[in-house]
Amino acid sequence: MDLTAHPNRIALGLEGSANKLGIGVILHTGSSLDPSTSTVLSNIRHTFVSPPGTGFLPKDTAKHHRSFLVRIAKQALSAANVSISQIDCICYTKGPGMGAPLTSVAIGARTLSLLWNKPLVGVNHCVGHIEMGRAITGASHPVVLYVSGGNTQVIAYAEQRYRIFGEALDIAVGNCLDRFARTIEISNDPAPGYNIEQLAKQGGRVLLDLPYAVKGMDCSFSGILTRADELAAHMKKGGKAPDGEPITPADLCFSLQETVFSMLVEITERAMAHVGSNQVLIVGGVGCNERLQEMMGAMAADRGGSVYATDERFCIDNGIMIAHAGLLAYETGFQTPIEESTCTQRFRTDEVLVKWRK
Amino acid sequence: MTTNPSQTSTKRPPSPSILNTSPKKSKPSSPQTMTADTPPTASSFPLPKILTNPSSTPPLLITQGAESRLYKSTYLTPSTPCALKYRPPKPWRHATLDSRLRKARTTAEAKVLEKCHRQGVPVPAVYGMDITQGWMAIEWIDGIPVRVAINSHLNNPQQNDESGIKNLLKQIGEAIGNLHKIGIIHGDLTTSNMMLNPENQVILIDFGLAAQSQSDEDRAVDLYVLERAFMSTHPRAEKEFGLVLEAYAQTFKKGKSVLTKLEDVRMRGRKKSMIG
Amino acid sequence: MALERLSIENVPSTHRVYAALFRDVSNSAFLQEQLLSRNPEFEYAFLDASSIISRIHLLAAIFNAINTQTNDALKTPNVHSEVVLSLSPSNNISEAYRRWGVTPDKTKGLIAVKIVVTAEEEEEITAKKVWEHLSQHVQGTPIPLSDEELSKATDWPKVKKYYKLNGVPVLDKFKDEDLKKKQMQNLILMGMAVRGL
C-alpha cells in the first residue's frame, strides 16, 4: 500500500499493560513521511481500582480488561465516529507490563485484526508515552522523564533510538509511592499517587529525613520506601517529628514527595546538562503530579528552557498513545504479523528502532 | 472491586499544554547528536559572592552542570588559574534538603579529592573552599573532555585513529581501576567527567557524587553508570567498551570480582522493565 | 620600605593587606606578649616564617581568613588570629598558634600581616603608618617577602610533620624537586582547605 497517496490515516490503539484499559482512535493527516497533524478522535479509559491497602493483582486486572474490552472498544469507535472500513491498523501494547493483562488485551487486538482484516502493530508502551507526549506538547528534542508505577527512566533520542540515560536501579518511583500509600492505607481511587499528592499539600511543616539516593543519572527508591515505612510505623505509635509535634500522614507524604521528586529533577537536570538540551518532557502516571511539574519547571526555567507535560488524559496509560506510536511505525512500513503478535513483560525502550525520526 | 468512571475526550484537537510561561519557539531542529556542546544558556546567572570581588580577569562561566556551575577564575595570584565550582541553592528543592545536600556534597567532594591526591590518583587539587557559600576552588585542568576526544576519533576514521581510541579507552579503565583501588567511587562516571590533558593523560574530574567505599556492588554500579552513559553518548563505539573493563581489571587486582558483579547489576537493570 | 601591599585575587575591595618579612628577630617574646594582652596597637598576624613554604601558602591563609570574616564565621577573636588558624589543617586553635604563630625565643624569621578593613585614608598614608609602627617594634632585619627568602627560612621537617606529608604516596612519584615542591604545596593548600571536615 502506498501510504504517501493516503492523506488520512486512522489507527485504533489498545493499551492494558497495568490496571488501566485504554482504547483510542487517532487520525494522522498530511504526508505520511512527516505527519503534519495528529488528531485525537477518541480516548476512552477504564481503571481497575483495588481496595485500600492492596495492590492490583495480575489475575484480577486481566479479568477486568477482558470484561470491559468490548464495551470500551465500542465506545471508542462510536465517540470517534469512524467506520471500521476507515481504520488502517490495529495497534496494541506489546510490552513492557504485567503478563496477564497484556495477554488479555493482545488477544482482543488479534481478534479485531482477524475480524476486520486489518494489519496489527505491536507497540512499546514507553515509546507510546514519549510519542504522545511529543505530539501533544510540541516538544521537539526533549529529555524525557518517564515516571510510572513500573518505570523510572531518563531518556533522550539519538540515532534512531530512545536511549536510556538514567533509571531507577531498584523499584520504580510510582511503585514506591503506591506501596507507601498501602502502608498508610490511603485510597487507591482514583490513584494512590493522586491521594498522596493531596495529602502532601497539607504537609510542609517539617521535612522528615529520608535517604537521598542518586548515582549519576540513576537513582534508587527502595531505601527511601523502607525508611518511610519505618517512619509510618513510628507515627502509628505516636512518634514525634524533630520539632516535637506528632508526625502526621501529611508530613510523611510531603517528605516522601519532596525527596523523591528532588531526585527525579536532579537526574533529569544531569541528563540535560549531558546531552545539551533545555527541554524536558514528563510522561507516565507520576508525571501528572503538579508538585513534580512545578519543581521540574523551575529547574528547566533556570536552564533557560521549559518543561512540557500533559494532563491526566495522556499522562496516565491510555489507548491513544498506542494508536499514535503504532501509526507512526505503520507509516514507515512496520507491521506485526499475527503469528508474531506476542506480548512481553520485558521490552526496553531502547530496543525499538525509531524509523520515523531523523 | 470498585471502578471509576471512564474519562472521555472525543474529537478534540490535541491541545498543547505547556506548563512553562516562557514562550515556546519551534527552533529549527538541531542535528541530533548527543554530544552537542551547548554554551551555557544564561550568562546572567548571579555570580557566587566570592567572584563579585575584584580580580585580574573576570570570571568566565564554563559549564552549567546539573548541580553546579563551573567558572574559570584565578586563585590568589593572576598567574594561578583555577576552576571555581559553585553549587547554587536550588530554589525548587526544599530548603532543608537543599542546604543538607549542598554542604554534604561539597564536603565529600573535597575530602575525596584530597584522598585521591595524597594517594597519587591524578585529580585536580583543592585550593580552597567555603561550604557555607557552596563553592570550591580547584586546580585548573587544561585539555579537552574525553567525550570530545572520542568523538573526534570517531569522526576522523584515519588509520592511526583506531589505536588512538583504543589507547584512550584503556586509559579510562586504568584511571577508574586506580580510583577504586584506593576505595573511592566516582558516582557520576561519564566521558564528560574526564579530561584529556595536553600530556595525553586522562584525569577524572567532577567528584560531586563521589563516595568512599570498598564494596564490589558500589564499584560495579560505578562501572554500570559509565557503561550506560558511554553507550548512549557514543553508540558507534559501543563495541569497544570492553577495552575499558579489560584495562580496569588489569589495573585493579580485585577488579575481576567487580566485573562479575557488574553482570548482576546489568541483569537487574533489564529486569526492571518487567512491569509497564 | 619593606612593607608590601599584597594584592590577592577575589578579596573584597573593602580589604587591604600588608605584609613584611623579618629575619634574625630578637624580640619575639615581646611581640607575642602584645598579642596575648590584646594590645589594640598590635592588630597583626605574626607568623613564624619557618612554618611557611611560599607566598602562595601565605596568601592562601590570608584569603581564607578574610573569607571566613566576610561570612561572619570567625573561630578566633579577629581576622588576624584567623590567619594563624587558617594555616592549620586541624581545628585546634592553641596548637595552631604554637605552630604557626610567633613563639618566644624560637621565632627568628617573622612574617607580619596587617589587614585593614574599610580604610578611608589614602593607601600611602596607611602603609606608612603600618610600616612606622612595625619597624619601631620589631627588632629584626627586614627582607623582601619573596619566595626565595621564604624558602630559605622554611623548616621542612617541621612543615612535613605539621601537614602530614611524610610517607605520602604521591610524593614518591616525583623525582624533580620543583614538581615535588609543587605537589607538597598543593597538599598543604588542600589540608588547609578541608580543615576539620
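By letter and in written order, the chains are A, B and C; residue numbering begins at 1 in each of them.
As a working rule, a contact is a pair of C-beta atoms (placed from the backbone, for glycine too) under 8 Å apart; a residue touches a chain by one contact, two chains touch by 3 or more.
Everything numeric here is computed off the predicted structure, so don't read it as measured data.
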Pair sharing more residue contacts (C-beta pairs) when A-B is set against B-C: A-B
Innermost chain, taking as reference the mean of every protein Cα atom displayed: B
Computed distance of Cα centres, chain C from chain A, in Å: 61
Inter-chain centre distance, chain A versus chain B - centres from mean C-alpha coordinates, in Å: 28
CA centroid of chain B to CA centroid of chain C, Å: 37
Residues on chain B engaged by chain A in the complex (per definition of touch): 1-4, 6-22, 24, 26-27, 29-30, 32-38, 41-42, 63-67, 90-94, 96-97, 101, 187-190, 192, 209, 221-222, 224-225, 228-229, 231-233, 235, 265, 268-276
Touching residues (chain side chain A, partner chain B) in the complex: 17-18, 38-51, 60, 64, 72, 75, 79-81, 93, 95-98, 102, 125-126, 135-138, 140-141, 148-151, 156-159, 161, 163-170, 172, 175, 189-190, 207, 212, 214-218, 258-259, 262, 265-266, 269-270, 272-278, 293-301, 303-313, 317, 345-349, 357-358
Footprint of chain B on chain C - complex, ascending: 8-13, 55-56, 59-60, 63-64, 67, 70-71, 73, 168-170, 172-173, 186-187, 189-194, 197
Footprint of chain C on chain B - complex, ascending: 49-51, 53-56, 73-78, 80, 107, 110-111, 113-114, 117-120, 125-133, 136, 139
